[in-house]
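Two complexes come next, and they have one chain in common, chain A, joined by chain B in the first and chain C in the second.
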Partner chain A sequence: MYTKIILMALAVWMTAGFHATFAQSMSGKEIIEEVYYRPQGDDQESSLTMTLINSRGDQRVREIRQFMKDLGEVEKSIMFFTSPADVTDTSFMNWSYADGSDDDQWIYLPSIRRVRRISSDSKTDRFMGSDFTYDDLGDRHPDDDTHERLPDETIDGLDCYVVESKSKDPDYLYSRTVTWIDRETLIGVQKEFYDRDGDLLKVLTVKNHEHISGFDIITHSEMHDVQRDHRTIMELNDVQINTGVSENMFTERMMSRGL
Partner chain B sequence: MSSILNRLLAYPKVVLFAALLISLFLGREMTQNTRMETNLDEYMPQDHPAFIYSDQAEEWFGIKDGIIVAVSHEESIYNPATLDTLRSLTERFRRMDEIGRDDVTSLYTAENIVGSEYGLEVKDFYTTVPESEEALRSLRKAVEDNEMVHGRTVSKDGKVALIIAEIEDDVFTLEFYEHILDVCAASETEEIDIRVAGRPIVEGTMALLAPADMKRMLPIVLVLIVVSLWVMLRTAKGTVLTMLVVLFSVIWAFGLMALLGIPIYAVTTLMPVMLIAIGVADGIHLLSHMQLFRQNNPGAGKKEAIADMTGHMWKPVLMTSVTTSVGFLSLLTSEVLPIRYFGVFTAFGVMTAMLFSLVFIPAALMLVGLPKNKPGRKTREASVHPMAATLTRGVLKRKYLSILGAAVIIVLSLIGMQRVWINSSFLDKFEQDSDIVQTDAYINEYFGGTTNLNLVLDAGEDGYDVFKEPGVLRLMDQLQEEVESELDVVGNSFGITDYLKRMNKVMHEDRESYYTIPETREMVAQYLLLYEMSGDPDNLNRIVDYNYARGNLTFQLKSDNSIAIHSVLDAINRYEPDFNELGVELNYAGSGYKGLVFTDLILEGQIKSLVISLVLIVILLSLMFKNIRVGLIGAVPITITALIGFGVMGFLNIPLNTTTALLSSIAIGIGIDYAVHFLQQYRVNARNTGDKYLTAQKTMNHTGRAISFNAIVVIAGFLVLLFSVFPPNRELGALVSMNMFTSFVGTLTIMLVLLNKTRLFFRHNKTARDN
Partner chain C sequence: MKRTYFFVLILGMLLPAASQASDHIRWSGYARNYTGLLTGGDQDFSILQNTLNLELSGRGSRTAFLVNPYMYHYFDDELELGVREAYLSMYFDHIDIRIGKQQIIYGKAEGVFITDVVSPKDMREFLLPDFDEIRMGVTAFRLNYYTGMHTFELSWIPVFTPTKEPGPESIWRPEMPFPVKPVLDESAREVSARVDNSEVFFRYSVLGSSLDLELVGGYFWDDDPALHLTPHLNPGSGEPDSLTVRPEHHRLMMGGGSFSLPVGGLVLRGEAAYYGGKYFQGTDPDISGGLLEKNYLHYMAGVDLTPGDWALNAQFIQEYILKHEETIRQDQLIHTLTLMARKEYFREKLWVELFSYIGLNNGDALLRPSVSYDFADGFEVLFGVNLFLGDKGRFGQFSDNDMLYTKIRYSF
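Take a look at the complex of A and B:
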């Protein structure tokens, strides 16, 4: 009994100690890779409430039912608007490729009963008119930037790694970003985006994350465009992970069929 | 009063020293702390409902005035060199501190909403300059296929492309303007021609160059006034003293403004003109009186002559200054702040001129001695100059002529006044062949127009999604089409309708029959959502608000004059009942509209204050002369002068604008001086002689002389402005001169006749004989 306790304590101490030493030696790039590859399940089904707020406090609220599936080479997602009424059943599908080639995107407009391709020039397009770009939502590959680790900081009681990332492409939307990563969950809890001129452009704050089916899922985040004073709040509800979303879900036929 | 002045005369050095000291202090204040206000928004009454709404709408939709740069190539802009010029200029403007990054639009920044076999795409027209023939051809086709840029940012013949850089109202400076011109000039080649226009340029140039022009002209005006003063008074000392009085009053007025931290507004630049025209009068009357006194009393000494001058003249000088000041103070009723300041400080300047005339001139004369009197004029037995005698005889013999003449002039003026029109145009203030007007005409020829009028369609706070309703959108579209086709002055209009029609078309394989408003609310909403996903949502913010409760329709006009803007407003307002039925109100915004309202406000205030000052002056005169009929008769010359001013403007097609409207104040300010001097002298002479004819003759000799000196001096000076490069300054010169002349003639004819017809001032003298 005694030995067991001692062993356990030792194990705890050792893992903690090991983790601490490892963490101490992790480079900025390694940390960002940890975040990028953080397991989030193979598929996900959820309800997304997206609230856009302008500088005067006017709001546009959109409710979306979304499905995602990671197929390795390609990550597919499909979303169906459920509110507001005049866009209900509008659906949107995105295929994002691991090799970094441009996403394929489709939209279905029920009013003209047609599926249309949208050509997106780059991943720096706004996601559904929000303050998030596709990159901001987690698409940006760690190899696209150089990373430098800054001294650790504590924000909101969380011990965080701080990493500064600079784009290798000088024409990229952001000249640099600074990310605060919770050491425990490896979730980037705060991120600052600086524009090409080096001025602060946006601040991303993760307000809440939940432990669902063994994964840490961000369920409430806010992006604040400080230059336009415009905000986007994303809230996830009814999150279900690894329920075996069918690959057949992600077709043009499904888009027009609706939920 | 007289005794105070006499006591002061005992210490001329102290008086002079004090006057100089204060002037020096205020002069320093003026040169160091004077600030010019070039932001036109600062001129507008901030609490006026039209301005409050417009300012709010400007903020909602980011409505700003744009500097328009036209890049043209003889053959077409679709060649690498021109496209690269467009690109590099756009980038340079974007990087300027005065211009926001997102506030520059050109073909290089424009978004191309197209339909392809895929569906909808929002693309750039070009990011790297196309080099190959084929790429250039396809760019040309892309532009020509897109109604949102064809004829808007690129001319329909493909020879001219625009870069529009929107700026905030308060960033325009001469340096900035010159910088833009330099940048553009540097990009010009033999084939590529670049021109700059737009309201900020017009407004800014106006605000900067008009005072600069005045600064250049004013010294010439002053020199001519000095010369003619000397010719009239024949005394160097008197001329210098009179001019010093005027200069000091200007310095005091401007110095006090600087001391109180009040900036110079465009109207304020009229102040020196006003003060010169009015201020010289005091000196002329004083010195003229002294000359007559010394002619009639050759033996009088220095002290005696000066004492007689102040003793005799302090009253009319005080009275004229008070009446004139009251006239200007009536401008306090204006809603426009700069006009109020103008009124207060001109009144202050007039009072300063009075103070200097009564204190400084006598004190200075005490010190430097009397001027030499004109030789050879005192030989005549009668103390009346033959010219005055002839004039008096002429006027009083043919009284009917004056009355008839006045009547005819009044009728003609009233007819002319009907034709007076108001013009808030800035462009019309420039020479027709000036660069600014030419460039404007050039851009208007190729594009929709350089003047924007923003119609804000407002369904109120609770009008969520009204601008997604096809009914409302179709009415907007109908309005746009009708106004564009009906009025030549409207070149283009732009609103959310244009986006929706474009998207509807490209979503239907580019079929022209779908260039219409989508049929259902859902379709509209879904197109907009689609646009948000691929386009820049900030572009939508310029035409519709966040809740789709307010829309901004921009009309491009080829003229900024009031008639043009009013014609568009009238055409739009025909749709008001239809829109109201749908719960939508019509409002306007933007600088062109504000300019219109502003001009109306100034004129309204000006006319109000004209009436008020007339009434006040009649009351004042009645009190001063203790008879209401004197007040009424005294107001006749100023009334006629003001009427003639407006009448002539009507006949000569000179529009009322802020400058010309204020000039009616001069009519009153000067005209009333003449009348008061004349009345006061008439009263004195009436008492002394008890003879109507003799009184008239003596008054004509005394006051008529001074008045004519005054008129000749100021007219001579202000006619110089006819050579100004700025049409408004030319109008100013002509109208001031005309006011002087009509006041002068009116006082010596019709007023004298009316006085003569009554028995005023003769009540107690039964022996007075009728003419």
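Take a look at the complex of A and C:
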């Protein structure tokens, strides 16, 4: 019995020690890959509220019900816009491929009552007028950038890896980004975006994350465009993970039928 | 008129009550002012319209309904009431059934109707209203069968609905190319509501990672009537001194399809239809009522692209009459181009857009630049111009109708 306990303790100590050693030696790319591939469940549904706040404090609110399913080779997501009134019943579907090939995207506009394929060559466009681009929302593949690990830092009491990333595309929207990643949860808790001139453009701050169904999920974040003093607050509510969202959710039928 | 106001009053009382009755029942819609001013002549208002568009909808796990009444109020106090859609839906595992008045839309072309011929059109203001107002609902029984990303659709339309044409005094009345003022004989215009006069359409579509494809077909009535002519000759001169025009709808068959194909950052689109049994106006009223029956092709190739913050699309459209004869008034081949450019500013608060139709046969065009601003969430103010270039052709015939317009819309 004692032998078994000692062996287990040894195994735990060795694993922890190995992890600590591995963590020390991890490269910038390995850390970003750990973040990118951090498990978030095979499927997820949630309600997203996005609040846009300009420099005068005026607010605009967008509300979305969204579903996601990871099918291995392809991750499918669908969004149903519920507010404001002039975009209600609009839906947007995205298929993102693990091999890095271009996403497939469709939009359903109730005014024309049909599903229309749209160009996916717009990952640097703002998402619904917010301070987030589609890339900022997490679709950017680690292979699209080079990553350099900087000295670790502590932010708000969290021990963080710090990684600087530069796009391989010289015409990319940002000259570089710097990400602070919580060593324990592998959640990027803060990220700075620098424009093509090298000036600070935006700061993303994770305000809250929750442990839901065994997964760490960011539920409250804020993007601050420091040059225009414009903010976007994203709040995720009613998050449900691994409830068995049907693949039939990601079809022309559901886009046009709506919720 | 009392009855009309009573209808509006009841509607206004019922909708909020209905929305409170159940969480599954929702009402939405918009109120809008639409003001258009002709820039030529006496600078008349071409339109002064207040609109209320309501949508009452309900949803259960396997059922749904929608009723969409609308009201147009004009400056002369004329009130137009209608129902754009009113249908019930049933959802099964692989089948959806929708019964009632509904808009059924086919194809991938924008602003042109190639295979999109199920819902008839309201052409009382030419192509200027929003497309959900141009397309009219039809009472139909529609069945969709789904398997994976494939959809098979069958629509049965028991009663024919024709195009709504501009009235005789309307500035949007197309040119009538007759040598003398015709006398209208409306005796054959109506298609009676009988089962053997019903229309049938089918559609297959698939969305895929490399291609979206749609195949369609239909046996239906031409929404636009053929104008059968009977000249009455003056016995003395031998010249026609009067002409009887008898509008009559005829059966058409259509088969076609459309696709969308992503290529890099572009989306290529195409659409084509073959029509059998279309009547074309001839130049000689003495020959078979001034009409010739021909088959014809209608097709389009287009591209969508998004360079920078712009959204652009271009479409090249051709209409081709097979076995064309000299006596047919319409050219054998008609070329049309559409161009659209759109850009947003201030985080989707301001939109600048140019949509244009260009008729290459007659060198005419309709240019529609506009600017819209989201004054607040759900409150949009739009300023636009409609410019008709040329003096003949589909767009040039309206060269006196250049207009400035505003649309102010509150969505709820």
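In this text, the second predicted complex is superposed on the first by the 239 of 259 C-alpha atoms of A that agree within 3 Å, B and C clash if a C-alpha of one lies under 4 Å from a C-alpha of the other, contacts with A are read in each partner's own complex, and residues count from 1 in each chain.
Methods note: a residue touches a chain if its C-beta (ideal position, glycine included) is under 8 Å from a C-beta of that chain, and two chains touch if they have at least 3 such contacts.
Just so you know, these numbers come straight off a predicted model, no measurement behind them.
With chain A as the common reference, chain B cannot sit beside chain C without a clash. By the document's definition of touching, neither partner reaches A:L71: not chain B, not chain C.
In the superposed pair of complexes, A:M128 makes contact with chain B and with chain C alike. By the document's definition of touching, both partners, chain B and chain C, reach A:D86.
With both structures placed on the common chain, the touch criterion links A:R60 to chain B and to chain C. Of the two partners chain B and chain C, more residues of chain A are touched by C. Once the two complexes are laid over each other on the shared chain, residue contacts for A:R113 go to chain C alone; chain B is not touched.
With the complexes overlaid on chain A C-alpha atoms, the stretch of chain B that clashes with chain C is 508-516, out of 292-300, 508-516 or 580-588. Residues 60, 84, 86, 106, 110-112, 114-121, 125-126, 128-129 of chain A contact both chain B in one complex and chain C in the other. Of all the residues in chain A, the ones that touch chain B in their complex are 54, 56, 58, 60, 81, 84, 86-87, 90, 92, 105-107, 109-112, 114-121, 125-129, 228. Within the complex formed with chain A, the residues of chain B that make contact are 116, 118-121, 123-124, 465, 468, 507-508, 518, 520-527, 529-530, 532-534, 537-538, 545-547. Against chain C, the residues of chain A that register as touching in their complex are 52, 60-61, 74, 83-86, 88, 95, 97, 102, 104, 106, 110-122, 125-126, 128-130, 230, 248, 251-253, 257, 259. Contact residues of chain C toward chain A in the complex are 28, 30, 59, 64, 91, 96, 103, 105, 108, 130-132, 144, 146, 148-149, 151, 205, 207, 209, 212, 260, 262, 264-267, 304-306, 309, 344, 347-349, 377-378, 380, 409, 411-412.
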